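Across the two complexes that follow, chain A remains constant while its partner is chain B and subsequently chain C.
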Partner chain A sequence: MADFNTIAQQFTEFYYNTFDQDRKNLAALYVRRHLEPLYSAAIQGVAGIIEKLTTLPFEKVAHKVSTLDAQPSNESGGILVMVTGALLVDEEQRPMNYTQVFQLLPDGSGSYYVFNDAFRLIYTG
Partner chain B sequence: MADFNTIAQQFTEFYYNTFDQDRKNLAALYVRRHLEPLYSAAIQGVAGIIEKLTTLPFEKVAHKVSTLDAQPSNESGGILVMVTGALLVDEEQRPMNYTQVFQLLPDGSGSYYVFNDAFRLIYTG
Partner chain C sequence: MLQQPPPPTGPRASGRLASSRFPSRGGIQKRNTTPARVDKDGDLVMDQAGPNGRASVRGRGAAIRGSARTQRNSTSDPLGARTSRPTRTGIDPSAIQKAVLRGMGSSETAPRGPKSSLRNVRGRGSARPTDEAWDQITVKGFRQSKAAANPGGGISELIAFLERKATHPDTPETVKIKKSRLEGDALIISVRPEDTSKIERLNKFQFAGATLDIEVSRRKTVEALASNADSETPNTIEILKSVLSRRYNTEAKLLDLSQLGSDPELINIGMFSTSSRESKFFPALMKICDSIFTTAHAKEEAIVSVSLANNALTTIASVTTLSQTFPALKNLDLSNNKLKTLTALEGWRWKFRKLDQLLLTGNPIESVVPTYKDEIMKWYPTLTTLNTVRIRSLEDARAAVNGKLPIPVLGPSFRDEAAISETFVKQFFPAYDGDRTALVNGYYDAQSTFSISVNLSAPHAAEIKNHKLPGWEAYLRKSRNLTKITHTPSRMSRLYTGTESIRDGFTTLPITRHPDIMAEPQKWCIECHTIPGLPDPTGQSSSGVGGLMVMVHGEFTEIDVSTGQSTAMRSFDRTFVLGPGGGAGGIRVACDTLVLRQYGGYDAWQPEEENPTSIPTAQAQHQISVPAGFALSGPGKTEEQVQKEVLAVELSKGTGMTLEYSGLCLEQCGWNLEGAAVSFEQAKATLPAEAFVTS
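Take a look at the complex of A and B:
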């Protein structure tokens, strides 16, 4: 199996490509296992997460990753991924800075699912 | 036991107060349990983390938390904490934006230790 850095990079590339092309297709990444997947504190479960993602107030979006840090998150193959980057929505010319954290857990069949997902825009002071 | 949001808030307040006052005292938070605690990808273990923190190129530092998101990170009481904020170092007048992620794990005696720690400054484009 690939090392956690490689998995984190492949996941991040796939995630943002999917997000930027057709974000309802992200549902496959949030499959429920033991616990409901989490998106921010208040939103749980695949249906809630996908409703949130598909009703975000923009049509076009492009993510550009600036930094990616990956670490093992447990002794069972979990991976913590912290991303910082910029995103452009619709016709807006100025990118917004964001940070996003994922915890990926192995799904038992050689692949991973998103267990934790937390996202914040960075407002510069 | 307090809920994970309360624990995350208390931890974050304690962590940055300690960091801003005398950061070598953070060592107690990174006690080794099953796995070495991690700080970014390349730095592991309490000694390495504290050497990194205490040799950062500034004397005075003040963290100001802007956002804090907490989620359960496993079924054993782990907590994922994502912070965004600003920090001021030495005599610099302009705050730098940062993001930091912790995974806290229960230490078996009612307290928590830091298992994952990832930090990035946000450079605005």
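Take a look at the complex of A and C:
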């Protein structure tokens, strides 16, 4: 079994690749009901999250991760993942800097799902 | 596809006013007009003057000759100069011209002459209708897929997969692979140029368990045009440049690409003689525009407005490259085309981030989609004028320009439990500045973890540009950035676990001073969410107890202990996981992750002011007393029940209703929190007093 660092790293790579290619496909990561806000608006449930993600007002997006850190966050194998990075949308030349914190929980079958996902822009120039 | 335009109108035809409703058949087609004359050097001579009286722009080697000098006098009376000009687009030209007037700066900002770097290839009158019209794309990696064992090696499945994935579900244009052939482990496919990017996007997609490698091996644009060339007519590229210069109005900074299908110079080189040639025409034209300007700024300065009126466009697909070449365009005229739906315009949704005026009059969309204006307003937050009607105040548009964040900034989302995290944050940072040893003893235990990482690529705020940026020597040896630190022992040694280790970590970091949260709240952004499954210190709940995830963004200064002077200013992002425990206030820090970066100020989290109602803030929340164990996992409680209870708490906090009424309301709304909040708003006036928590 991979350690939490490796899981966090694989998750982050997968998450942003999927986000940048076709964010609809992120649904698979949010398999359970969600109670937590995304993009600071209370979005709930897989459908709500995907709706929110797909209606964000840009088409092309590219994330670049600057830092990634992870810690085990609970007894049952949860992982706290903290990312800072920059993203470029559409033709915008100026990157926006963000932090994104994920709370990953094991789904019982060896995989993980996203329980919390908190995104915030931290520098917008 | 550019369609055949209405019969020629305007000055280049005969000076008549446009009448644009003539039926046509497909393609920008040659019209029966006097062909452009070629002088004895083979240069084209246009016998009609441009809008400013410019004439005879020579095909070969001609710089764009503006009218700045000859028309200098007109700047004192620009409107007069314009009204004396013949109408060319068939619509009220004053709108776009007024728009252009506003954008007018120096009339001397003329584009540079053509660069010699473009290949000099001769154009020819007609094109071969062959697969040269298509782009070629190499697809690899499918041999490793499960489908490779299928009859035919899974090729037909792969093609079907690519076509399906590349086709946007909301558009009628399906992506078709025109041809395919195998070359070793690669499948070479041919697609229409407009579909290339859609296929390209599928790079690294999973196909039956294998990762696809997709690369464009042959792209058709200017080169394609050029490759069709022979020596019959002058150089295609030079002709396109000539077309551009003739259609460019220096003074108005307007590139007039209206009625392209009846442009004799273009017809003369057979630009629209086949659909494949036609599809390459506009992208090639845009490439040439790009090549003329050395910087984006120069392009933005020189071309403020573009007209694509009277081109019989049914969709913008054939001209979509306009938004790449002119992303900062201010005014766009699409009037008198055949645009019928929003889908036809969708390629430009969210493009043109500075668009000020848009003309869509004379398109079927006006009657087919009566609400299109609302949608267009959303697409272009800076748009002030649509079809010559003011739709948004300058202030709003300016706010959109200044804000210009494609992601809305909302206020902090603060979902605290009994002010636990609020209390924690208020105590934590002063203690971190004052006495870290006591802090560790108070909040951390043997299982707590702490780590720090340094984001070296985050930008710094403009106001400290002139100062020397502080270095990171004191932090780098501790930085646990997993994208950089890949060796497991190094990773683990940088994860401080337990009080002793964390204390060592804390006390070897520079002394800090954080701003006072109460006195300077604007310098802080604090968010808080609930999380499940933390260890229960009492051991009663095997599935763990609820906790909080607290995210803090802010800044601090570093202090030189000997002098007491501040030596550096930095920004930080810090996330804690808090759970019940033996520390101060009955809580413990389970996780503490800190990221440091150059000081970036605090503007990023100031919410946009125009929609304060959408901001869920702590102030808006009601104090709800929650029975012990409610909304937490416990023996004999299903997860579904816990989730329902959590939802009820959330709704009660937002509405002030009792947990019972919140439960009832949620039940009616299928446990959808947003739906329940909406139905509460509708029904709240009719609810009995007992539905609410007494405050």
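Rule of thumb we're sticking to: the second predicted complex is superposed on the first by the 114 of 125 C-alpha atoms of A that agree within 3 Å, B and C clash if a C-alpha of one lies under 4 Å from a C-alpha of the other, contacts with A are read in each partner's own complex, and residues count from 1 in each chain.
Simple rule for what comes next: contacts are C-beta pairs under 8 Å (C-beta built on N, C-alpha and C of every residue); 3 or more make two chains touch, one makes a residue touch a chain.
Computed from a predicted structure; not experimentally measured.
Using the contact criterion defined above for the overlaid structures, shared-chain residue A:Leu56 touches chain C, although it does not reach chain B.
Once the two complexes are overlaid on the shared chain, A:Asp3 sits against chain C while remaining clear of chain B.
Greater residue coverage of chain A by touch, when chain B is weighed against chain C, goes to C. In the superposition on chain A, contact is made by A:Thr99 with both chain B and chain C. Once the two complexes are laid over each other on the shared chain, residue contacts for A:Gly48 go to chain C alone; chain B is not touched. Looking at the shared chain after the overlay, A:Leu80 reaches both chain B and chain C.
Using the contact criterion defined above for the overlaid structures, shared-chain residue A:Pro72 touches chain B and also reaches chain C. With the contact threshold set out at the top, residues 5, 35, 40-41, 66-67, 69-75, 78, 80, 82, 84, 86, 97, 99, 101, 103, 115-116, 118, 120, 122-125 of chain A are in contact with chain B in one structure and with chain C in the other.
Put simply, chain A touches chain C in their complex at residues 3, 5, 8-9, 17, 21-22, 33, 35-37, 39-42, 44-45, 48, 56-59, 65-76, 78, 80, 82, 84, 86, 89-92, 96-97, 99, 101, 103, 105, 115-116, 118, 120-125. For chain C in complex with chain A, the touching residues are 201, 204-205, 323-324, 327, 349-351, 353, 405-413, 415, 449, 451, 453-459, 461-462, 480-483, 488, 491, 495, 525, 527, 529-535, 543-544, 547, 549, 551, 553, 571, 573, 575, 577, 590-591, 593, 595, 597, 600-601, 603-605, 614-616, 643, 646-647, 650, 672-674. Within the complex formed with chain A, the chain B residues making contact are 5, 34-35, 38, 40-41, 66-67, 69-75, 78, 80, 82, 84, 86, 95, 97, 99, 101, 103, 115-116, 118, 120, 122-125.
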